[in-house]
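Each in structure tokens, the structures are laid out below.
Next come two complexes, and both contain subunit A; in the first it sits with subunit B, in the second with subunit C.
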Partner chain A sequence: MEYLASNKIAIVDLATRDIMEEELDDDLVLERIGGAGITKSLYDRFADEVPIVLGTGLLTGSLVPGSSLGVITAKSPSTGRVSHVPLSLDAGMELKYSGFDYIVIKGTSEKPVYLWIHDGILDLNDAEDLWGKDVWSATDHIRDLMGDDLIQVLGIGEAGEKGSDLAQICINYWQSGDRMGFGNLFGKKRLKLIAMRGMGLLEIAEPEEFVEKCGGLLSAVKSGGAANIRGIAAMAAAFGEEDIEGWLKPLTHKHMACFNTSVPTNTFVFLDEDPALLKETTVKEPGFLLTDIAPLLALKRLGLTAADACHVLKACAKFGIDGAAVAELSEKTGLTDPEAIKGSLPNLKGPASSSGDAVFSPWAAVGNQEKDAWMRRQAVAYIFGLHPLFALMAPELNEEKLLDISSLGTELELTQETLDEVIADITG
Partner chain B sequence: MKENEPCNRSDDKGHPRIGIYTGRGTSHSWLWFAEVFDRIGFFDLAFLTETELRGDALDRCDVLAMSGGDTFAIAEGLGPEGADKVKRFITHGGVYIGSCAGAYLPLHSSKEHLNLFNFVPAKIGNLTRTLPEARGLREKFCTAYGCAYVFHPVREAVRLTTNGFAPFKKAPSLDAPLYGGPPLIAGGSAQVLATYSGFTEKTVFLVDRKLASDTLLGKAAVIRQKIGQGYLHLYGPHFEHPRFTVANQLMTDAMLYDLRLDPVQIHETIASEEIISGEACRNLLKDIKREISNARIVAVGLETLPVQWTIGNKVYETAKIREFIEPVWRRIKPLEKLNRMRLLPGQAGRLLQVASETTALLREVKRDLKSGIDTLYKAKDLFERLNRTSTLFLEIYFRTKRMGNSGIQELRD
Partner chain C sequence: MGLKIDALTCTACMACELACGYHRDDAFALLSSCIVPYRAREKKNYIGIILKEEDSLIAARPEGTEINRIGEEQDPEKEADASAKPMLLRESCDLCEDLDDGPLCIKFCPVNAISMA
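Showing the complex of A and B:
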């Protein structure tokens, strides 16, 4: 695969420490397009070896608006189904530029390990020093060790290490869209984290026309209905959820977008610093990045203040546990005191319905959306590498246009028929 | 002077063996020479330290390229033995190409160490006892020169006018970047090949524009001096800067024009050389790539920190680190495609060792900077290791590129 790809698939056996590399064949792309289409295919190929498959969409990391998504595909410990969770923020983009299109992780390591993926090199290193650290400390440790603060980290905390079905793979310091308990899979494999940094380049088959069309898509999105949405609270309201803007506003410091996503879907709140501060803070842990709407709404329903809710979610992120599950189980057990909720994390057990009943993480299941349409749109987002929430907000990025720009970027004839087949397979 | 003669020496004599000085006092700009020679297909390059230059390395060279850097440190590093070797090399028919610091070096001087290199009776045109007011980039504005100062009126691209004769007849005018190189006042039999004639949109003024004009315009930017059987070509601006292709062409034309008729033996085969290919080559390149990638990642992160170091008479910003790394990084992929490398025993091991030490040092510097610890000594060590890493890699790279169809049997696969 010459264009929009690094042309490399890694197969890592944690048991033997063998790392094999394969080329990303054009035929595989013609048959499965990319993203979840290919991670599912790779999952099926290695299904007997309990694989975790990481990948990026065909357009991830490109100039197509919203092209921020990476995907992890594995069998969910929570639902027992092969499922897909999103890698948002800069993690998907970083994976794309790290020199690998897909990474299959199979087997179980005898001792804690981590993967260091950089510029087409994949190193499997011992993680004895990292095991036992919370998500934040582990992220700090690996960034300090490798000497770069831009390294993107997919890591687990105590929840994953101790085998909780509610364990989450976090992105850097923050909660991710992993509602499927994939953090538990990392823990079982003794895989503490995956650190990624890539400064590679993507070749585009028809670069001038591709860039021109991306500009057109951006203009269309910017004049669409989502153009004025800023931050997680506004987004919740836009999807018909409870309006929590007033509740959250006193803590709101800034809104942050995922890579190349024109709608900022995340909000950074200051908990131990003045939210109105307009210069670099000197406080070590000034606040928290809110990346997931559902747990925020659920904690508000429990009667928590915005600050208490954010403190709880911060504790969840450090512990590496799904905040939505924590909120749901707290509600079930009648816990409404934030300290009590935080204290319950080590012993919290499911099941929780926060995993949903679909193959895609319900992270982007906000508001009351028609299920089949939601599933199809999620499938499209996970195949092409679009931010799953942004994809819902930007109907301008329709299937025809995505196929057209993908063919332009790759020089491959990708058809609606193929897309339909791939969607049917991954949602089936 | 040989004016209006065709520049066809390359056709007559084949490719010259070019020594590039990479030792004490050089900046990253020696890598620009390597880049330009690589582009035009001159692969017979030798990267010479001060020790090698003081030895017999120049006996096997047709050309010596002396890059920019710290002139005083270069002169001190080479010492009397090095000065004698360089002079002997030129008088016996070698071509000396001096750029920036390499152009200052052979000018007449009474200063200690520099006075060993009084080869060319030209004067420095930017010498002053009273410093003018600096308008910008104060840290790069001047260098102490005994009781006086060498000051730099502008930086970046300036306009030059050539004399229109061979070896500079291909372009009547051109742009080339000035990074502290001299305006020259030619004397004796020196031939002026190009003069400073104007400024460009990219020119950055470090002093008042009128003073900059008075200091630079009309003065020699490039001179050519014959000594014995050989020539010195002294360039104030960096004609070897890879982004200035017209300048690159003229510099190469001049080099070929003055190349001696009886070149040194080139393409020598060393019995212990080995060629690796297939999996062995892939694995070695992966190991090299791992180390260079690790270093590159830290280097990019360092560029966000507001720090610079003064080492000797030169100011180093963090962005300079990648000037050493990128030329290596860019050449890994072509070697991967070739999947074959020619190298001397132990060469790969030394490269991997130094590259690994470089990465470790980069990470230490980053940690120290974040902790507010002074990093000057570590930075000095770092730039030496970066220099060594680039040199070791490029030695293997050009040795491999020289392989061509030399017919050497593969020793292992």
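Showing the complex of A and C:
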């Protein structure tokens, strides 16, 4: 695969520590397009070996608006279904530029390990020093060790290490869209984290025309319905959820976007610093990045203040546990005291309905959306590598335009028929 | 005439960095960009944008813009950050002078945080 890709698939056996590489064949892309289309295909190929498959969308890392998405495909220990979770923020982009389009991780390591993916090289390293660290400490450790604060980390905390079915793979210091208990899979394989960093280059088949079309798509989005949405609260309100903007405002520092995503869907709150401060704070850990609306809304419904809710979510991120599940189970057991909720984390057990009933993480199931339409739009997002929430907010990026720009960028004839087939396969 | 960057409006999406990298390499790449959102203070959420110009390094910080002349002695107390390719080694901003529509970073910024000065 010459264009918009690194042209590499890695197959990592944690048991034997063998790492093999294959080319990303044009035929596979013509048949499965990208993202979850290919991760599902790779999952099926290695299904007997309990694989976790990381991947990126066909357009991830390009100038197509919203092209931030990475994907993890695996069998959810919570639901038993082969499922797909989103890698947002800068993780999807970093995976794409790290030199691998897809990574299959199979087998179980005897001892704790971590994957270090950098510029087309994949190292499997001992993680004895990391095992037992919370998510934040582990990310700090890796960044200090490698001397690079821009390394993107997919890691687990104590929840994953101890086999909780509510364990989440976190991105750097923050909650991710993993509601499927994939953190438990990492823990079972004794995979503490995946660290990624790359300065790759993606060739484009028709660069001028491709980038011109990207500009056109961005203009359409900027004049569309999502144009003025800023931050997690505004996004939730736009989807018809409870308006929590006023509740959150006293803590709000800044709204942050995922890679090349026009709508900033994340909000950084300051908990131990004045949110109005503009210069760099001297406080080491002044706050938290809110990346998931559902647990925030649920904790508000429990009667928590915004500060207490954010402190609980910060604790969830450090522990590596799904905040939505924590909020749900706290409500079921009548826990409303934030300290009690935080104290319950080590012993919290499911089941929780936060995994949803679809193959895609319900992280992007905000508001009341028609199920079939939501599923199709998620499938499109996960195949092309678009931010799943942004994809719902930007209908301007329709299937025809995505196929057209993909064909232009890759010189491959990608058809609506193929897209329909891939969608049918991955949505079951 | 140069670029004006509003760090308060910036959402650190890196579209400018990618667009500039494309301008340099005719491919999608980040190593050659002369405009880079500064992301190394993630836990503090301190975000600025660095721009390499011919004679200066512009740091658009939330609290104001700082212009550092290249070649002048910098504050030795200031901690240097890891970077994939130090800004001083990168090419200077040419305002995409070969393009009819002007700077690509302006065109691709989704929140209009960059404009012509």
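Points worth noting:
Keep this in mind: the second predicted complex is superposed on the first by the 428 of 428 C-alpha atoms of A that agree within 3 Å, B and C clash if a C-alpha of one lies under 4 Å from a C-alpha of the other, contacts with A are read in each partner's own complex, and residues count from 1 in each chain.
Note that in this section a contact is a pair of C-beta atoms (placed from the backbone, for glycine too) under 8 Å apart; a residue touches a chain by one contact, two chains touch by 3 or more.
All values derive from a computational prediction rather than experimental measurement.
By the document's definition of touching, of the two partners only subunit B reaches A:G120; subunit C does not. By the touch criterion defined above, A:T73 lies against neither subunit B nor subunit C after alignment on the C-alpha atoms of chain A. With both structures placed on the common chain, the touch criterion links A:M199 to subunit B and to subunit C.
Legend: residue contacts after superposition of the two complexes on their common chain; A:D144 is shown touching subunit B, with no touch to subunit C.
In the superposition on chain A, no contact is made by A:S88 with either subunit B or subunit C. Counted by residues of subunit A touched, the larger count belongs to C, out of subunit B and subunit C.
Once chain A of one complex is fitted onto chain A of the other, the partner contacts of A:E280 are limited to subunit C, with no touch recorded for subunit B. On subunit A, the surface patch touched by subunit B in one complex and by subunit C in the other comprises residues 147-150, 197, 199.
Within the complex formed with subunit C, the residues of subunit A that make contact are 4, 61-63, 65, 90, 93, 97, 136, 147-150, 172-173, 197, 199-204, 207, 211, 214-215, 218, 221-222, 253-264, 268, 270, 278-281, 283-287, 289. The touching residues of subunit B, counted against subunit A in their complex, run 286, 289-290, 293-294, 296-298, 300-301, 359, 362-363, 366-367.
Subunit C meets subunit A in the complex at residues 8, 11-15, 18-19, 22, 25-31, 39-47, 61-63, 81-85, 104, 107-108, 110-111. Against subunit B, in their complex, subunit A makes its touches with residues 118-121, 123, 144-151, 197, 199.
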